[in-house]
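Common to both upcoming complexes is subunit A, partnered first by subunit B, then by subunit C.
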Partner chain A sequence: MSELTAKEVTSRRQRRRERARQQQADEGGVPLRLLGVKRRTVFFLTALCIVFTIYTLIPIVWVIVNATKTQYNILTTFGFWFAHPFSLVSNFRALFNNVDGVGVYFRWFLNTLLYAGVGGIGATVFATLAGYGFSRFRFRGSRSAFMFVIAALLVPVTAISYPLYLIYARAGLINSAWGMILPSLVTPVGVYLMRTFIDASVPQELIDAARVDGAGEIKIFRRLALPLMGPGFVTVLLLNVVAVWNNYFLPMIIFSENSRFPLTVGMGVWASHAAQSGDQNIYPLLVTGGLVTIVPLAALFWFVQRRWNGGLLVGSLAN
Partner chain B sequence: MARISAQGLTKVYADGTVGLRDFSLEIEEGEFVTLVGPSGCGKTTALRMIAGLEEITSGTLKIGDRVVNDVAPLERDVAMVFQNYALYPHLTVAENIGFPLEMRNVPKAERRAKVEEAARVLGLEGYLSRKPRNLSGGQRQRVAMGRAIVRRPAVFLMDEPLSNLDAKLRVQMRAEVQRIQRQLGVATLYVTHDQTEAVTMGDRVVVMRDGALQQNGTPHELYEHPVNMFVGAFIGSPAMNLYRGEIVRADGQLELHIGSQSLELPPELVARSPRLAAYAGRSLIVGIRPEQLSLPDPGNPPRSKRLAALTADAELVEDLGNELFVHFRLGVPRLSENAVAATAGASDESVEADAGVARVAPRSRVRSGDRVTFDVVVDGLYFFDEDTGAVVGGRSSSRRGSTDNQIVAEANE
Partner chain C sequence: MATSISLEQSGSPQGSPTPRAKRSAWAERRDRQGRWFVTPFLILMVLTMIVPLLYAVRESLYTTQLIGGTHFSGFQNYKTIFTDGAFWSGLIHVIIFGAIQIPFMLFLSFFFAVIFDLGAARFGSVFRGIFFIPYAVPSVVAAVIWSMLFAPSYGELVHFMGLFGLHNFSFYSSGMIWPTIFIIVIWEWTGYNMVILYTSLKSVPRELVEAAILDGATLRKVITRIKLPMVKPAIEMLVFLNMIGALQMYVEPSIIGQFQPQAISDSFTPTIFIYNTGVNGQEYGQAAAAAVILGIVIVLISLTVFALRKRRGEFS
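Entry: the complex of A and B
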């Protein structure tokens, strides 16, 4: 039995390797030496990349290391090595506590999950529908409507925060989850990206073929366009979720109850509270909380990157 | 299955461009009609309008007895094969072929049977579970065909379906497509820019140019009796040689002058082409089919008085084994089929730098660089109006008759 599983595992691994090779071939991977790049240049560029990687990873390493320390150790020991006592578990546990009455980390975490989940997925769905419409249908005003969307890219949220607040106050959206979710559903960038992506990845010929084959527009979208939009969809999904996840300004305006805060605002409040009160326990919480904040996004990224496979159209169209 | 009837179809785009002008065509049940013309002539537009992928600006389109101008493609019961196949890349061959059935909610078991049937006809049985990416060009083309034949549509529309195949496969698939079409007996409109494909495949050939139908007839009719210079030059390979000539009346007879050479026009020809006399003293365009030029066989002097001579410089001789193509210069520029002032505008551009082509017997003694004297079958010449390009006389003015066949027989001797 176990032998069989082992065999299965190897064959799966082989298949994966095979697929990677296939993908490289599809993408026309050419060894660098055939491009006439000098060995030294390659070495130099590689070194540069490594340096940049280290630079990028240092803060994350720091967060991981210091999430295991007490406040005293965070402030006094070497930042890139562990120290006694190992307090990751107690730090983690403290995330469930209402620190100094300011708020509970996991409450905020769930809020963020809700806002980013509903907002991010919803925004992606709308962006996909709108992008498809703009890309594949010509209707009266379609051009100017799209220009309008592009123009919306140019307006910073900060500029409209005050009118937004006034509208929210009227609409009763202050301190409501909808206040956070509704504006997150609209992403000009997402619409723009989806349109551009669909232009390139869902050929009109295929849509024409499906129409002649008897498919209605909704079936064409679901059965044909959507599978081809995969990479674009997950990219926009990732961008949207991250945008809502990291959104600080909007929740800061609309939420005054700390039970509604997302992580960004909650931890911001913690940080200023720590700075003012000199509270002994808040720094480890900020660090550990920061670490926990990264996890869902990293997981999402891992989930999404598997779908960034190119060459979906290979074999569909001649030339 | 049904007949298609297009009456005065016109397509005007939003920017005012006319894609198709007053296009009328009837396709009978089971008939195979090819639509041929240079790129941009409106043939694909016509096809897409019949498919329902382009709106019809004006005119009437009927499939069967139903006017379908405003009917969505999915309700027109047409099947189309696209030039670049347009396969669904994420679906298997079986799913691709079965797609039109799936969209019509055909039960799964029936669908599978029909897909297998179509795959059998096309020789795709072993590939049903593959994705398009893992197929060769020829197989992809078959899948595109399969998607069209899996249900029995009223009409097949094919938009240059073979143009992406290599030459050998193309010839092979031509026969295949014809076989399948005969077998299914579905009215078919087949678009191509390749006149050879058009004449070899079509029961009837429709020649188009600049969004307008030029001529509609059997391949033979088009070849023998082109209505204008464009059709004359477009149908036939190598193409008809076109030169500017002048009709001169001398001693009560008409003569044709091409450059400094002159050919006597036999009275029968003149009698057959009454309009020709009106061109006396004027220039017109002469069309000479490559096979109407021959090189005299030394042991076998010309018997017919109809044979006249044209002297030219052989620039290049292509030996095809069973015949020779002699590329020659006549001393006057050869014209292209677009040389009609009414459409071409700038006449300078319409003058082709190409040499003329003669198709002569394989044993003719001719080498590149030789000065040669061709025998010309004067009866087989075509005459076109210089301004309109319309045929004014010559061979094509005699519509099907014994004289015509006689000439053909002689030309082939």
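Entry: the complex of A and C
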């Protein structure tokens, strides 16, 4: 038993070391010596990176620090250091209250999970199916159908959201969760990415061999192709979840009841509330709410970091 | 490379099915099953994209009045929008904004990407991770945080400007509002663009760089003569995508407007115009016309970019 554990530990260490070496090889590219870069230049470039890091971290540090403050302290004390009392916990608790009847943050959080979860996963499933269909079958009209999808990449979000609102107004879908989820299921860019990915990673020969052996198309897809699509699936899923999580314009125009809002719209409403009402506790809510909105996405990125495929991110350009 | 969206892809990518002419009836029948994979997506796409678009075009040809109901009015709504200075001023503002912000941001993105790619700064991978953080921050939250940093009286950056003798500096004055949005947008998107350029720089053959160095090329020459031309397609693609994003700008000014209503006019950007006309003002037809015009402007810009690239044979 203990022997086994020891072995496991060594192999894990080895793997880590190997990964580090691999990373070095990836990162290094051409050694600096060859480029004849002076140490002063390296120092200068690093300093520039630090300047940009400060710019990048200003809002992040600010939101973390101020999530621990009372409204009085947010408005009066130095923004980049903590102040007494430390009220992170009470700020967090307040996210469960219905502030001035404007809405409950936690409710918005659950809504966002629902929209981003169902929308993101559903969109990825549809994109995977379509990507596979376009990549591995040549039926009549497949070429023009794919062109149709590519053309849809150019359609701006605004140009879709407002018309959707008009249709929902007629169809009684205003304030319906479906009104948010249905459009989120359609991601032409997801289809494009999955197709590109499948072209490269699911060998046609493998599929042909399975066909000769008499396997059905659905079985081939599930047993053979799907396991090979892992990294592509995860990347497209991530992009889709982020897209729904961040969506603001569509939910803003199709929801009028605050119990339906996603986080983005709720935060927007709080922002205008903070500016107009003299509420004693709205600023800490806005700041803590902002922090809690960021954390799940940051955690998600961290979680998929290992599977994060840079190559696919390049394809996601058309996002 | 995936950056060049290929219109020719159904031709014969690696390992794709054999051309139609050579196939047996069996293969033909089997290939037809591909429709089952594609159809669910296409149905949804027609329902949630094509139908709404067509409906918007129809709606833009009608006028709704409180008394008299809805009636066909031809191109009246388009005439109204075309002669509405407010809509055009919003559109021109986002175009100017994009024309300044996008080159600046892409310069920064490329600069950092190439530094990290060459390993010319220390702790490159750490910086790369930090620069990407804003992508995980929803733009609404980013705008809320920045708005509070810029806020008159308690905003920390207003205090900061005070250190330079600029007391009670207003980030929301009519002269400063666009630069303020500029700071937010640069913050949000530089890291994302940097990662994309960094990834495409990886595809530059190492031998090419090494050969150049052996020939005595300096760091600057390696960057401008080798790295830059190799990622030009990716940069062009980013210009185009960021331009589409800028034309539809909504979140940042809208959130600033929640804090400071007087800073953001009803037609600050085309999308804000559409929202205020169509959702707040109930002028459905006019808003639909504005949406159609904005859509056409964006499609025209896209097609121009694609045409330019196609002429140079840059489709993969």
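Operating definition for what follows: the second predicted complex is superposed on the first by the 244 of 319 C-alpha atoms of A that agree within 3 Å, B and C clash if a C-alpha of one lies under 4 Å from a C-alpha of the other, contacts with A are read in each partner's own complex, and residues count from 1 in each chain.
Following the convention adopted for this analysis, contacts are C-beta pairs under 8 Å (C-beta built on N, C-alpha and C of every residue); 3 or more make two chains touch, one makes a residue touch a chain.
Only a predicted model underlies this, so the values are computations on that prediction, with no experimental measurement involved.
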item: Touch count on subunit A, higher of subunit B and subunit C; value: C
item: Contacts of A:Lys219 with subunit B and subunit C, given as first, second, both or neither; value: first
item: First, second, both or neither for A:Leu75, with subunit B first and subunit C second; value: second
item: Partner chain in contact with A:Arg136 - subunit B first, subunit C second, else both or neither; value: second
item: Contacts of A:Pro203 with subunit B and subunit C, given as first, second, both or neither; value: both
item: First (subunit B), second (subunit C), both or neither touched by A:Arg211; value: both
item: Touched partner set for A:Pro188, first subunit B, second subunit C, both or neither; value: second
item: First (subunit B), second (subunit C), both or neither touched by A:Leu228; value: first
item: Shared subunit A contacts, counted only where both subunit B and subunit C touch the same residue; value: 203, 205, 211, 311-319
item: Residues of subunit A that touch subunit B when the two form their complex; value: 203, 205-206, 208-216, 219, 224, 227-228, 311-319
item: Contact footprint of subunit A on subunit B as seen in their complex; value: 48, 51-53, 72-74, 78-80, 82-90, 99-100, 103-104, 131-135, 137, 140-141, 147, 157, 164
item: Footprint of subunit A on subunit C - complex, ascending; value: 1-3, 5, 7, 9-10, 13-17, 20, 23, 30-38, 40-42, 44-45, 47-49, 51-53, 55-56, 59, 108, 112, 115-125, 127, 130-131, 133-142, 144-149, 153-154, 156, 187, 190-191, 195-196, 198-200, 202, 206, 209-210, 213, 218-219, 222, 234, 237-238, 241, 244, 247-248, 250-251, 254-255, 258-261, 270-271, 274-275, 278-279, 284, 287-288, 291-292, 294-295, 298-299, 302-303
item: Contact set on subunit A toward subunit C in their complex; value: 23, 26-32, 34-37, 41-42, 45-46, 48-49, 52-53, 55-60, 62-63, 74-76, 78-80, 126-127, 129-130, 132-140, 142-143, 145-150, 152-160, 162-167, 182-183, 185-186, 188, 191-193, 195-196, 199-200, 203-205, 211, 217, 221, 242, 245-246, 248-249, 252-253, 263-264, 267-269, 271-272, 274-275, 283, 286-287, 290, 293-294, 297-298, 300-301, 310-319
